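Look at the two complexes coming up: subunit A is in both, with subunit B in one and subunit C in the other.
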Partner chain A sequence: MTNDSTHATSAEVTAIDSQARGPLCVLLASGLAWLVISGVLGVITSIQLHTPGFLADCSFLTFGRAQALRETSFLYGWIANSGLAVALWVLGRLGGSPLRVLNWAVAGALFWNLGLTIGLIGIGTGDMTSFGFFQLPRYVQPLMLIAYGAIALPGVLAWSGRRTSGLYASQWYGVAALFLFPWLFSAAQIVLLWAPLRGTLQAVAAGWYTQSLWSLWLAPLALTGAYYIVPKVAGRSMPSYDFSSLGFWTLVVIGGWTGGRHLVGGPVPAWIATMAVVACSMMLFHYIVVALNLRIASHGSGTAIRFIRFGLVAYSLTGLLDALSSFRGVAVEWQFTLLATALEQLGLYGGISMMIFGGIYYMVPRLTGRPWASGALTSGHRVLVSLGVVLLIVTLAVGGWTQGDELLNPKLGVGTIYTQLKLSLMIGTAANVALLAANLFLLVNFIRSAVVCCGTSAAAESAFRQPAALEAHAS
Partner chain B sequence: MSAPLNSDPRIDQAAVTDESLLSVHEAMLGKQPDEKARYKLLPLNLLFLFSGLIFFAGTYLNRYSGHFDPHIYDENAHPVKGGAVAAVAVDPVVAGKKLFNNAACNTCHMANGVGQPGAIPPLVGSEWVTGSEERAIRIVLHGLQGPITVNGANYNSAMPPFGRVAGSGFNWSDDKVASVLTYVRQEWGNQAPPVTTAKVTEIRTKEGDRKPWTVDELQKIP
Partner chain C sequence: MKNGFIFLVGLFAAIAMSWGGIVLGTHAQLGSLTPYYDDTEGKSFPERTTGLAARGQLVYADLGCAACHTQQVRRPDYGSDQARGWGDRQSVARDYIHQARPQLGASRIGPDLTNLAGRKPSAMDSEDLMKLLYVGSGTHPSYKFLFVEKQIVGESSARALRVSGAGAVAAGHEIVPSERAQTLVAYLLSLNTAYDYPESRPLPPPAKAAPAAGHAETHAAPAAKSEMKQEAKK
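Presenting the complex of A and B:
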């Protein structure tokens, strides 16, 4: 292991980083493994869309289950593990002292991933629930809730026991994400699984969970890293920072109200969908503030900030399209088409995942005390994953655009419509293969970087330049 | 300062320290946008934008919420108020009692309908009240003047016209006339059939505007 005294000479890499190395690498390794697994499942489901016979006689991997497996491993495997790793690290850095009780995080990560594995086996054998983003069988959910608490504990302690004065936007978002997920997850468990609501209320609760998971957990988790890394790398203070708290509170207060946007035209009272339309529009304020604050990302250079820049553009675009597509006139064509899938991928892959990638690229050299093992794999991952995401979203959107029109045309059979979509769906498979390959690059690169640092560690310290102090300047 | 040139893709150099990042942004939060009377246009625009969004949200919600009615599934529907509006039948005795006691009747005939000896005839057990409805309706519509004998006793006074006729200070609708007549015909032990609005209308249309009746004129009417 690295000798701490050598770290002390560099203000950029300190004991905060070296002591967190092992636990955070456990989280990161699990996250990346799940990313690759969900990538494989993504390829499978994507092939099944244009070649329905593919693996159709394997009950474990029929489309419905494979799709749920892909989604669950992506959200609860990749984003949860890696997003939490980045958030914990940022909270530790900003708290000014090494993260405490990291063994809890390790134990939590082990049980979280154990629960997830059992849950995925459960989904494969037919125990999945019927709710989007929430397919894990109910018997693993309490375990995962407790495990989450253990992972989050170091982050909460870093925030409550911080040595620094004042709070920074990254900390608001990070702590909000840590606290809001247990609330969402436990409330949804009670009203959907243990004492299920009846009738249309169930759909309302499920919609609330799906949207809240996005706006109250995934988004703040990703923004934790973005708000920290962008000014650090760009070397500028944040423009319109005085509005960032308003942007934050808009997300926290309004975010959960967007749940009814999937119920437009559904069997629910009109006001639920109307409220969601209004909430989606109000959320524009959050996205605008985030875009204004983080527009300094255009100034930095390097791997991390390029990922985050991509992520921020996609994130803002998601907000805009979310508001637009929630309106009833648009939703009537948009719902149940590939456009909705495209928007979901734009948010989850283009927005959240790209920001987390940026966070990982920035964080890992500081944890290991040395640069990433391979520059080629780093650049290769960045280029391939960007191309893959753009290709995936554009083809899905183009396919969905015509699909929405055609589905409303009573003269066209569903079979005809899907035959016409075949080209789009095949390009989508190519995009999924590109994403899988890209993420394999990242996994290999991470393993090599992590393994190297377990050996000796003398040479790498000089890799980090001494950062200067940030000057306040009008922007 | 300038951002470091991150030419090596394997590592991202930090330009600034954590401590300065925290302190600079903390200082920015407390600052008022119009400090030293220098307005920054951006915060102002953001405020306008935020207000605009709230205004839009309120308007849209008001227009398409279906008044938050759990039974309205169509955002363009207008709520119906608790079933169709139906005319509720009013008990003429109840309405008549109200009119009798709140208008002028009880000041002369008294609330218990006994009248005043020599001046105002009683309504209790009066053959004029429980007898011909033709006469009773005419009295209430146009009034009565001159001497009258009720239950063998003589009375002499004037009753003003109550119906919707010329010179009436009350202008009661036919409905009200019918109600008050039904009330006095069925109260205090009187037992006469009710008077209908249609009958009142018929007589009012037939007689039109005229001066108050006298007993002689009324006795020619059956």
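Presenting the complex of A and C:
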């Protein structure tokens, strides 16, 4: 099944799109390849959770290492490549002129993925850093920092050289994501890897990095696409747009202060956790503004908007549950359980990834000038990935809920509690298999669409029109 | 937000504030935490870990053990950590000052290991740990790659594992822990937080006579106060 938003009539393909086609396709292809790789690792780790002996004898894939590999390839492979592709494209369109220095983005993407590959081999052979979301070995991090700068450069230039006078919400989010990641990545490198802080201060700094990565990079990357696409597909102007800047600054200013969310009751100063409780609650304002602005997503039709709609619901839920779970009374039960994993997946898969999927479904036909190669693969991906995400999160949450409850009862041994989790964990494996299959569909569909386009690129090139004014006003 | 420069300055200020507040703030508070010298015992705590154990912590980190095991005991009235025998007191920042890479962990699929070697009435010994690592159990993977199976030439190794049943090897062969397994076990056996620091003394049990003893608030209030006192001391 395909419909309007996944098709682009040739009139919609602009010079901005056709010139960016090759470089952005490189980013997207790498992103989707990493998504499939992290999907394979996701299946492996989920099997290991209920069958501890699975691949345990393979030192590259102990549960801890496989988990780090899965997380790293998901964040720095899938979200980074695809999220940046969508952000660059949106910034180019809103800047009103074709993206410049795209060669830098291609070179950056190659080095970024090279660094990531070396990093993953490093994790497999025992060089991981053991900080959540920050597992990449020390020796590849500087390379990745430089590569990131190269990828981001066209986006920054498109923004600084924009022809339009104002700035739109998607531009704030896009520029914030491009600009802030190098700062937080390097700040974390300094205090965790090059001149490590003492003792548990490392955990505080790692917590700051994890939460900042969420609120200053992952969320802005996803919202860049959502703020651009939703009003276009829904065909309406954005309600409560005046609030959107307040929502943006709440995310940026408060986001980093939620760093102590996972350290409640830990061996760190108590104010760290208290600050996180306050910050998580204040962040609700951001989530409410995003929900208010983008509530028009309920109107449009098409694959892209359906993904974004799913993503927005999951994103808002993440905000709400983050705030709830930061309270000490709730954290005592939820902390250290699968509920924390469920919440993380809700944000990363249900929220961020679904919005990026939406962005990809909207963007690719406009880059290639043709509809997606296969409608069946498109709808297959949508159905399977939605089912997989819901199933994964629900089973993890149900399992985590019982686990948290039972962990409070000292009469039940940890082994017994774990044994009782097995059913949930097995359903979790089924969900991971569904996700892997779904993402394979997307990869195949993307490759077919991109290959067809390359064969006939000249024809598509001739089909653009003068676009700037039309493209720039909708966000 | 039409001025791009001010926009970027705003972004930078936002990230600098949270980094300064959280990272530098805690560093200013706890960065110079020193070991605690006990006059009666005549030595400082926490004691430095041996070289073998320090190397073992690197093995613990690179295998990703923290994916299932935490190393942080929460205070007695917060969760069931104390009742499970994971530690008589809460973990405090001073416990970790000698550790190059504290492994606090974020998931309790397996038990907490903060005080593994100080468990009462009996803690696991080296042989138990080696067997768990080699044979595994229904809930723990077996990491056979940490061991070497070799033919016995002459006398059998003093370190050889005595395993029977599932993990048994053919006659004339023995299982010897590799160097990594030895350092890992040395590290696990060094995990002991028996010493009470002034800031970690268990809270006085709530008065049983108090009319509202069942209410969480009555427990929480003294807890919060003592936390504040500890902070003031630091």
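Basically, the second predicted complex is superposed on the first by the 445 of 475 C-alpha atoms of A that agree within 3 Å, B and C clash if a C-alpha of one lies under 4 Å from a C-alpha of the other, contacts with A are read in each partner's own complex, and residues count from 1 in each chain.
Convention: a residue touches a chain if its C-beta (ideal position, glycine included) is under 8 Å from a C-beta of that chain, and two chains touch if they have at least 3 such contacts.
This structure is a prediction, so every number in the text was calculated from the model and none was measured.
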| In the superposed arrangement, which partner chain does A:G256 touch: subunit B (first), subunit C (second), both, or neither? | second
| query | Does the superposition put A:S165 against subunit B (first), subunit C (second), both, or neither? | reply | both
| request: In the overlay, answer first, second, both or neither for which of subunit B and subunit C A:F111 touches. | output: neither
| query | A:R198 contacts which: subunit B (first), subunit C (second), both, neither? | reply | second
| message | Just to be sure I read the superposition right, which of the two partners does A:K232 touch: subunit B = first, subunit C = second, or both, or neither? | response | first
| request: Could you say whether A:L94 touches subunit B, subunit C, both of them, or neither, answering first, second, both or neither? | output: first
| task | Give one of first, second, both or neither to describe whether A:L408 is in contact with subunit B, with subunit C, with both, or with none. | result | second
| Looking at the overlay, does A:S245 come into contact with subunit B only (first), subunit C only (second), both, or neither? | both
| field | Common ground on subunit A, meaning residues reached by subunit C in one complex and by subunit B in the other | value | 165-167, 245, 267-271, 275, 328
| query | Which bits of subunit A are touching subunit B when the two form their complex? | reply | 11-12, 93-94, 96, 164-169, 228-229, 231-243, 245-246, 267-271, 273-275, 277-278, 281-282, 284-285, 288-289, 292, 299-305, 328, 361-362, 365, 371-375, 378-379, 382, 463-465, 467-472
| note | subunit A partner, complex, touching residues on subunit B are 1-29, 31, 33, 42-43, 46, 49-50, 53-54, 56-57, 60-61, 64-75, 77
| remark: Listed in rising order, subunit A residues that touch subunit C in their complex are 48-49, 52-53, 56-59, 62-65, 67-68, 126-128, 130, 132, 159-160, 165-167, 172, 175-176, 179-180, 183-184, 187, 191, 196-205, 207-208, 212, 216, 245, 249, 252-253, 255-257, 259-260, 262-263, 265-272, 275, 328-329, 332, 335-337, 340-341, 407-410, 414-415, 418-419
| remark: In the complex, the residues of subunit C that touch subunit A are 1-2, 4, 7-8, 10-12, 14-15, 17-19, 21-23, 26-27, 29-31, 33, 61-68, 70, 72, 74-75, 78-80, 83-84, 90-111, 136-145, 216, 227-228, 231, 234
